[in-house]
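Below: one structure, written as structure tokens.
For reference, chains read A, B, C, D and E in written order, and residue numbers begin at 1 within each chain.
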Amino acid sequence: MDQFLQHLANALIMGGTYALLGIGLTLIFGIMRIVNFTHGELYAFGAYMMYFFAVVLGLNFYMAIAFAICAGMVLGAAIEYLLLRSKRGADIDTTMLIMIGAWIVLQNTEILIWGSVAKSINSPFPIEPLTLGPVSLSSVRVFVLFVALALIAATYVLINRTKLGKAMRATFQDSSTAALMGINTSAIYTITFGLGSALAAAAGALLGPVFVVAPAMGDLASLKAFAIVILGGLGNITGAAFGGFILAFAEEMGASYISSGYRDAMGFLIIIIVLLFRPTGLFARSERVG
Amino acid sequence: MLEIKNLVCRYGKVTALKGVSLKVPANSLVVLVGANGAGKSTTLRAISGLVPAASGSILFNGEEITGRTASRILSLGIAHCPEGRRVFGQMTVLENLEVGCYLRKDTALIRQDIDHIFGLFPRLAERRKQIAGTLSGGEQQMLAIGRAMMSRPKLIMFDEPSLGLAPNIVSQTFDIIKGIRDAGTTVLMVEQNAFAALDMCNHAYLLEAGSMVLEGPGEKLINDPHVREAYLGAGLAHA
Amino acid sequence: EDTIKIGVNEPLTGAFAASGTYIVNGAKLAAEQINASGGILGKQIELVIEDNKSNPTEAAAVAEKLITSDKVPIMMGAWGSSLTLAVMPKLMQYQVPMLVETSSSSKITKQGNPYIFRISPPSWVEAKIFQPLLPSLGIKKVDFLGINNDWGRGTITDFTAMFKENGVEVGLAETMDQGAEDMGAQLSKIKASDSDTIIVTTGVEQLTLVLKQVAALGITKKIITTGGSQNPDQLIQQAGAAANNTMHMVFFAPWDAAKTPHPDQSKVFIDAWAKAGHNAAGMTESYRGYDGIFVIKTAIEKAGKAEPEAIREAFWGVDVPTLNGNVTFTKDGPEGKESGQYLAKGTLITITDGKVVLPSS
Amino acid sequence: MSRIFTLLVLAFFLSVPLWLTDQYYLHTLVVCGIFMLAAMSLNLLLGYTGQLSLGHVAFFGIGAYVSALTSLGFSVSIFAYQITHEPWPPVIGVVLGGAVAGLCGYLIGKLAFRVRGAYFVIVTVSFAEVIRLIALNWIELTNGPLALPGIPPLTLGFEPIGYATLWSKGANYYVVLTFIVITYIIIKRLIDSPYGRAMIALRENEILATSVGISVTRYLVLAAVFAGTIAGVSGTLYAHYIQIIDPMIFMFLNTVTMVIMVITGGKGTLAGPVVGGLIFGIAPVILRNYVGPEVQWILYGALMILIVFVLPEGIVPAIERWFSRATAKSAELAMEPGKGARS
Amino acid sequence: MHFGGLIAISDMNFHVNEGELVSLIGPNGAGKTTAFNIITGFQRPTKGRVSFRGTSLAGLKPHQVTSLGLVRTFQRTNLFDKISVFDNVLIGLHRKTSARLLGTLLSLPRERKAEAELRDQAWEILRLVGIEHQAKERASGLPYGDQRLLGVALALAAQPSALLLDEPVSGMNATETGRFIELINKLRSRGTTILLVEHDMPMVMRISDRIVVLNYGRIIANGTPKEIQNDPEVIQAYLGQGVKHA
């Protein structure tokens, strides 16, 4: 029982991490429908920027997070402006290929700049765990969990309640009609990609101190993020959050009670099974024909 | 209010407009008729900045608006209800209307206008929380019309507003459009239902294969033998 | 030909880039020193370094290039076991020997490929080194946490056998995927078990995470790592307090040159490494690249010519003083086509208060 | 006209081992050809049915493992049954590898095609990952991360005549080339037939396609079976050529390589994967001579982006358009799906 | 048929005789398209059943419904946009193909002959609809009216014994509508049963044998054009002033 509680707590903590990875991609993949292979790289970029600001420049931890997020937003907006602007309306595979190219370029540029040896960032949180009865939790990760929840809430409000959010959704459903509504669709594209990238960088900046910062750190993150976004249903912020927690739960239980070798397999099996029963994710919306 | 001079528009190699000129005086209802593919929609799209003009000029209240972005043009007061509904399929009816007044800041009045639209189309009021993509064809058309009205434009352009509407709603819609004109908003309308359109307009233009071939008051076109033959289906419907 | 070419087939990009780069840096230092002191057989040596992209297909292609295009008579490579295994058919086909500097899979020397000479210890060698230390460690029951590849799996198998022989109980054998960042599930299981020691086998990045997560879960068991890719200095730097009181089996201990098998040689290497501006933490890995080139040099000198078959023959008779000890090859694998295996020497160090403490003896 | 051109291209490729003496380049071409074959099969899904499958490496790896195990033998116990298999000749492995991969195509097709678009993409990725993890963890069968070394090279021939073992690069080159030509013909015939039209119809407008009586699952599954089989066969060739496989064969980068070949070459064209395959099979080899490892990758990525920017539909459609501007006749052909895609 | 709490169609019972042309009319959102979707298997009814020539259509997938000879067009223009007009029709002829997989791969004479025959049939359909001169054009490049005709050609290619047309003339002007009516008459002379949804009252009144009127998912009238035109409930709910206009 105690062990089960610990696993449950682990799943919750990891779910926070996954949800954090997922939300940035919900904007770019879920709403813009760009198969964004650079997501993991922006995550890694956020982590490297965090390293740069917090360790190289020695700034305050929280300030460094803020700067890293801004840097992510700038890089994301630049990618959109330089690589995607002229390819709007191109089909999904074309933009995907551009993003694959950008992924390869970014990752190897990172090696070129930072070297291939992993970096680490110290967090101001104590290394001693928080203990609640039989359960031990890392305090940084509890912090990450709460920030993740806050970012999810903020993103949800942004997309569903604000004018900007409506403009975003309208733009990606039908951009020429959105333009007729007075929306500056060009700006919306750049802003959305920038925001999604900022969230990816936020994930990197927050998780960099939890894990280590290495050039290939984004690859697994990308894969998980895609899975999470899909699990929840494209473009659905709360769905992505739930997707993160479900994936974490499946993996944790799979690793604990089946076999640690099949840990990731559990996650992917859950995705396959969920999609077989709910072909458009857990929180799908209906569409019509005719 | 709106004046177009020698407008030429191309889609790749296709020249859709070959030098079109027209005038829409303030507080009038001007109708553009013509066969399929004549370039009616293209004219409206060029005005609202969705397709670039290859040459020619578009003046709104004397101001040159050629080459401006769609959002700038809307902010000058030109709204466009596009052909084929084009509602935002994944958003609710209410959200569609809210996006329609994206540039407006007067929150209080917006609520009032939304209620006004729901008053005009009770069908939409029943479905305010429904995802627009699941509305029936006609319901989507109503929504598109309502959405265009939400920006409180000075000039509103309708592209085939009666498409897919039931006969009773068609006549209601035309009444609404007349009402818009009577309330002081200038209207430019493209319509296949030529008889009804010509009957209600102040002035009409006939577009064929990218060129203006005829213009005049509605009755003039209704009585024109060529128009009767080609667009009113003389001897067919009016038995 | 006025130079002698040595092919170096290492991962410089992709998942293993960090380690591959260390090896190459070590190899370059060795080559510089050899050339500065007159080269081999009166000729300068030239390292032909190629990136195998951490990808077995590429490793095979690189071998093909080095052998057929660059015409190297001898190669060093290819870091990971999958990479090395992918190269091995090429060695047979072109009859060119390769010195294996890192791979740990026991398969490599047991396949009957007479062109393989390995200086890194496979896990059965490591288990052998470990055995005499058991009494002083006081271990009663161990759990394993290993990376899910040939290296981690091999360690679990070979150490389990060794522990059982010596009356140590073996509990859980957990694995973690390469690149996995969250080991909470495995560690929670281990936390709940009644073992006193965890044997961890993985590279330094993942090891850092394991140590941090061990601390976060409040696990207080003894932690011993194997495999020789732990880079204790990097652990101290990156895992901080979480690295305290952990023990690591290393194969070159640069912290006190005097305690190494050949102190003068070690000092030369340590100084050169520092002078080149490389990260000091990397020495526990890069020494293998350095040693490898010196072993190759000796074999070529002994062969008297830079020809594959002669070098292969010469490997059998070398006795080279290296940073790890005196390298000689013993036969391993099916009779008549044995590969060469060096029985490396290891040191079990402890991290105490953020410092590396060498064993007293 | 275009037939002559095709024959000229073929003659050129037939002659390559005669004048290309550098074994390394020949090796590169063999590996590139194997991936090209996989890319051609991916094109069937990606290009013709419009289903973006990012798990294609699963079929490739399944083919490789099946063929390797067939020719190496294995012994596993499943639910207390001990199954032991004695080694068979590699040729049987190739056939079985293709067949099993095709079967997997069938099963996965049945399951995965219940979802579409982005969801389909993730199901295929997940499928490949699950297969990878099985290969990694079912150690008894696959040897897991410890790899399957010592896979015998392909042998050709029959019992009474005797076997010829394909050690040499040239022989392997011709084997791969033969498979490419056969695959090319199969795909071409398929695409020009009602089967191919049904696939293209599903790509263009699925709802409309079903309303004219096209069964979605039937044709998508058919495409998946073909794609799986061909990719499986290419995997078997890989296993017998490289002679060792381990679960890294399932790495995502291999799928990405195939996707790059298809899209840059021109998806939905017959010659696209061939052209894309040549470029991205050979580019790394050339880059290797000039710049450092990271820069090689950076240039590789930049080349992809550049191709997409300059030739958004891919290289082959661009060449065709250029060609059809030159000759009015080929313009007519280009109107028909599949017809336009002659190299 | 229910959508959440909304009832799109309730208690709809009607019957179309062989060879008849029945129009389904009603206000926007009355459930006409939904009825089409249910008949052709794109949606599942919450309750009730549809049968065609005695066969129940319950649970059939769209392509299976089509293979029974029940073919539809779409309310919005729906074509294989990027493909030539001719190939659109070839695809439409899917039901007619007799190709076998192995034969195709081996390029046997039988398959080649079948393919040639298919092409002949495609030309025939293009001629029937009257867009044969545009065969090489991309479907999306056709004028709007011709696109609608191509939509019908696609449906015809599927060899319908019953054709379901959803607002086929919306957006057409009178002349084009006239052409369309001619086409319908041609089809009827071949014995095709037609179920039509249309808001163009003059056309509906002119060509229907019988009219079924829906409102809020319920049938409120069922009769000849004359009867319907004068039905006060229909006038109130649907025709309004419009019919006088026409």
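Simple rule for what comes next: contacts are C-beta pairs under 8 Å (C-beta built on N, C-alpha and C of every residue); 3 or more make two chains touch, one makes a residue touch a chain.
The UniProt protein names, listed by chain, are A, D = Branched-chain amino acid ABC transporter permease; B, E = ABC transporter ATP-binding protein.
A quick note: this is a predicted structure, and the numbers were derived from the prediction, not measured.
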{"item": "Both-way neighbours, i.e. chains that touch chain E and touch chain A", "value": "B, D"}
{"item": "Per Cα centroids, the chain farthest from chain A", "value": "E"}
{"item": "Chain at maximum distance from chain D, centres defined as averaged CA atoms", "value": "B"}
{"item": "Computed distance of Cα centres, chain D from chain C, in Å", "value": "36"}
{"item": "For chain B paired with chain C, centre-to-centre distance based on mean C-alpha positions, whole Å", "value": "75"}
{"item": "Between chain D and chain B, distance of the C-alpha-averaged centres to the nearest whole Å", "value": "52"}
{"item": "Junction residues of chain E - those touching two or more other chains", "value": "3, 33, 42, 74-76"}
{"item": "Sequence positions of chain B contacting 2 or more other chains", "value": "134"}
{"item": "In chain C, residues with contacts to at least two other chains", "value": "12-13, 148, 177"}
{"item": "Chain A partner contacts - residues on chain B that touch it in the complex", "value": "48-50, 69-71, 74-75, 79-80, 82, 86, 88-91, 95, 98-100, 102-103, 131, 133-134, 147, 151"}
{"item": "Chain E-touching residues of chain D, taken from the complex the two chains share", "value": "186, 189-190, 193-195, 197-198, 200-201, 204-205, 207-216, 222, 332, 335-337"}
{"item": "Touch list for chain D against partner chain C, complex", "value": "22-24, 27-28, 31, 136-137, 139, 144-147, 149-150, 167, 238, 242-244, 246, 248-249, 251, 253, 288, 293-294, 296-297"}
{"item": "Touch list for chain A against partner chain B, complex", "value": "163, 166-167, 169-170, 173-174, 176-186, 235, 285-288"}
{"item": "Parts of chain A lying in touch with chain D, wherever the complex brings them together", "value": "29, 33, 35, 83, 86-87, 90, 92-94, 96-98, 100-105, 107-109, 111-112, 219, 223, 226-227, 230, 234, 259, 261-262, 264-265, 268-269, 271-272, 275-276, 279-281, 289"}
